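Same chain, two partners: chain A is paired with chain B first, then with chain C.
Up next is the complex of A and B:
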């Protein structure tokens, strides 16, 4: 059965969860004029990688990445996928810690961070224990519940927008693409990379059609642009570069006299935190799949619990937001491996397999 | 059997964790918090003084009380007040922050920045400047707090007592203007009223967080017009007629001629006649409106240009014609020499329930 719809929904909400918090601040600090070019560049890279990755997978269908890599050789698969597993674990750590911090900064100022992290990890571990199909069904449910609120808040966030702040559209410095080497721009790719790798892990359990995913990817572009341009249009470049969470600040300025919407930021935060919890459970499931195939001795359930416990302990050891930013930066190398090398390898292996398959009758 | 016991134990431990999952922590119930509505900030020499207007609502009556303290920083004072009060002070529902004029003239940067940084003060809190000392204003507010101290808030709130000559400025707008190259801001000035609770004689021109001048109520209307807040309902009194503005629309185009900024601005007004003196013709009324508003506008702009304070945010309109480096000098190099052609186009939508004799 074709489950493209579930995969599309999952793909959208994992990205939305990542876009609105950490992404705008990186883009805004990477360049001062013509932010759209940085967004567009990252986005094109994203689409290209998704296309390459899914193409490789479709050649080797219905196998998943692990099957494909192990088809080449056990040792090769182990060496090639181990960094990916490490990357996933680091992503879980960073995401849990970062979003717990965001929750305390924005609305739970008296709650200890450890409790919030425990909540995130407990829920996502529970979801990932139930298996990949349950994760996708939960994704559908969460999308139906929260997507309307999210869209409402996004529409409302334009309340204080001054379109003049979009200008000038370009200057010489931006046109020279010098921002590409800016650490913040490289960090901003976090939002593009984390979300699509799961596509290689779900077949054959959750089959989907490749073309649809690539097409739906384009629907994400407006959200990337909105996340950067709404704060820019509300505050201007000078002021929005002073905020750690520019989009949240911009949503905070929205004023609606209806008491229920006194602070629309809450609706926004809670929807996005749900998306992020789902993202966490998905990444956790990916990691488990990798570990299970790499070390067959593992028993899945206890391994997930051990992993969650480990992540929790590491999260507790991260003392501050600055450390977290540094971790995000250190992770860049692994991120490039996961984002560039894995899709290209997948394509290469897929093509090789197809050629072999074509020779054999 | 063993498995069953294990499961039961697991279930029990999961249930035991549920209180943690609620996310509530050290929660203080609403009856143990006090929620100030108005905060006043003044500076005496180098020390700050903060006044809080806290509503005390009981089933039988609604009144308010004033709590104050002084210290070196605003947060130190709030902490001190919190320590001495029987409730926890929760600024989550703070609605208006009133600065004393003297502190506005010295500079608001420090205090506005600390309000923006704070996690509990909403950044859409209204700001106001008190013309005289804060204490009489707060005493007046306390004395007339029939509805639990919300008077000042209602004064500014669009769906309550706001009128188009009153400027509405929120804390984030002040913060935005502090770093902006092209945009300054006007904060409404208030004082205790003679018969009403408060009066607003106009607004204070804030440039980079410092008060550099003031504008009157009539000019505040033009400020609101450029800001897009709407001027519906405002009454304009001229020599031969009094009209009420029904709707407004502003068209502006900007050009750059050899380093000289030129702005063409056309205001479309729809008005209805409320009162006439003598028998003016329609053309005469239109001409009078044009003359009155243009004169007022040019006067306001000239004084703002002299202070290099771009309160109307006109620099915004030139963003596509200047590089970022040039924009940085907008206030000093271009704005004071900007030429503006302001024209008013009036449509008399109706003449009330009486005809104008032609």
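Up next is the complex of A and C:
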């Protein structure tokens, strides 16, 4: 049975969860005019990488990344995938810590941050233990439940938009693409990279059409643009660059007289947080798969618990948002490895495999 | 002759067992059986008739092809007892040690076919299953007149023998499902099945599962449509429900009976049930989250009116909600136990407690009463009592999480429930599958 739909939904919701919180602030601080070019550039990069990655995977189908890499050599696979595992673990730490912080800042000011982190980690660990197919099904159900709501809030978020703020579309600085080296821009790639690597870990008994993923990726572009442009159009560039979470602030300004709720934002954010929890469980599942293949001695259940405990302790040790930002920045190197090297290697190995298969059918 | 001796010694232990001498076509025979299962006068008339026919056609009474029941070849004591226990009549010849087993006229020990007691049908067939297995099979057959219907019979249990029948439609099934179920039934024939939980264990489901892995229905119509769509139906003797495997999420919302209404209504009924489920699970948690943790989400007017209605309530919202929820659960539980004649008393007393009095006494707030009433009503929009019961549990999880984390806890609780539903599968068929065979559900 074709599971493309589940994979696509998972792909979309993990990205949606990552877009609306940290992405707009990075883009808005990376450049002052013509933000669309930064969004588009990142997006093109994203599409290109996804295309390369899925192409490589479809050459090597039905094997997943780990099988492909191990086909070249055990040692090679270990060396090539270890940084990926580290990257995943760091992503879990950063995501848990960051979103717990966001939750306390925005709506749970009295709750200690550690309990929120514990909640996130416990739930995502439990979900990751149920296995990838169950994760996909859960994603489907959650998407059906929460997505209409999300769309509604996104449509409503245009309530206070002033379309003149979109101008000017371009200036000399933007045209020269000098923002590419801006740390904020590089950090913004966080939203693009983490989400698609799971495609390579899906076991062969979950068949899906790899070509569809690239096509569906284009559906994400409006969301990237909206997340940046809604705050820009609501507050203007100057004001919105001062907010820690510009999109959330923009949605907070929405006032709907026919609704019994004052802060629609909260439901919006919480649906996104739920997507993030799914993302966390997915990454955790990926990490476990990597660790299990690298160190066959691990027993999944206890290893996941140890991993979750470790992540929790590290999260507790992160003292402030600034440290987190620094961690996000340090992680850039690993991120580039995960985002660039892994897809390219996959393509190379996949092509090699196909050639071999063509010679000896 | 020693077989008869055996039965005679048995008679001393079991007074229900009769051993009656009788003359049949000039021979003395002994009849053996259970008084409580066999309608003796009627049976005797039939026997005489049969014996006369035999004599007329010049057959010896105990010949193999006498046409008078099945001759038992060298039976041992256990075989005889089993035959009697199944309600058959044994005829022993007094000369030779021979024995014939025949199906007598049995006493009526089942109720007639009646209308269902736990499911209501507004438009559609109203006959329901009863305790007699053969009647039930007949009902299903009447409802799905198809040559593709296949029936496999099993005898389960060691101390308590119980007949059970597996029905399925040829060519419609997921082969793996059918195979796994029949394998399970064949591999453990000695396991007693006094109740559904034992059946669930026999089929290899976890004891702690929060979702029943099979759906039960009282309506032959539903069973037939389940068969039609490729599910497997299991009928147990003395159990007036059909067990439908696998159970799916859609079983909570979709019933065959809906198809007797125009499509628009059918779809709106289903949407209504989904809303009912969400309201039932979410409302108490939402109340606690909004009152206790995140009041700023509400419009200021509503927030003030809720705060006003809680004025004088001395404990936190969680305790308040739990208190009233427990009372409602108690009401539900006692309503099941009570005889029908005392039922209205319960309604009245419950109405008073859950109505004005508890508010006037400043024990809970007005709004909570509304919310809990809505929750309870919404609970029973779900199809099937067993499903509604399972749902009652989830709201407590959400309640506790909401009290701790507010709206975030509520939503995370939803994620947990979704993950649980996503995780459950029956014989490799996930609970969240859209059932496609036959194209009926989905």
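The rule is short, and it goes like this: the second predicted complex is superposed on the first by the 359 of 361 C-alpha atoms of A that agree within 3 Å, B and C clash if a C-alpha of one lies under 4 Å from a C-alpha of the other, contacts with A are read in each partner's own complex, and residues count from 1 in each chain.
Here, a residue touches a chain if its C-beta (ideal position, glycine included) is under 8 Å from a C-beta of that chain, and two chains touch if they have at least 3 such contacts.
Treat the numbers as computed from the prediction; the structure is a model and nothing was measured.
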- Message: Between chain B and chain C, whom does A:320 touch in the aligned arrangement: first, second, both, or neither?
- Response: neither
- Query: With the two structures laid over each other on chain A, which partner does A:176 touch: chain B (first), chain C (second), both, or neither?
  - Reply: neither
- Query: Of the partners chain B and chain C, which touch A:255 in the superposed model: first, second, both, neither?
  - Reply: first
- A:167 contacts which: chain B (first), chain C (second), both, neither? first
- Counting only touches as set out at the top, which of chain B and chain C does A:302 meet: first, second, both, neither? neither
- Taking the superposition as given, does A:267 touch the first partner, chain B, the second, chain C, both, or neither? second
- Once the structures are superposed on A, label A:134 by its partner contacts, choosing first (chain B), second (chain C), both or neither. second
- Scan A:278 for contacts with chain B and chain C and give back first, second, both or neither. second
- Interface residues of chain A shared between complexes with chain B and chain C: 108, 111, 115-116, 119, 123, 263
- Message: Using the touch definition from the top, list the residues of chain A that touch chain B in their complex.
- Response: 32-33, 105-106, 108-112, 115-116, 118-119, 122-123, 162, 164-165, 167-169, 171, 234-236, 238-239, 242, 249, 252-255, 257, 263
- Task: Would you tell me which residues of chain C are touching chain A in their complex?
- Result: 293-294, 296-300, 302, 404-412, 414-416, 418-419, 421-423, 430, 432
- Item | Residues of chain A that touch chain C when the two form their complex | 103, 107-108, 111, 115-116, 119, 123, 126-127, 130-131, 133-138, 140-142, 145, 259-263, 266-267, 270-271, 273-274, 277-278
- The answer for chain B against chain A in the complex is residues 17, 20-21, 23-27, 119-120, 122-124, 157-159, 170, 172, 175-176, 178-181, 183, 313, 316-317, 319-320, 322-324
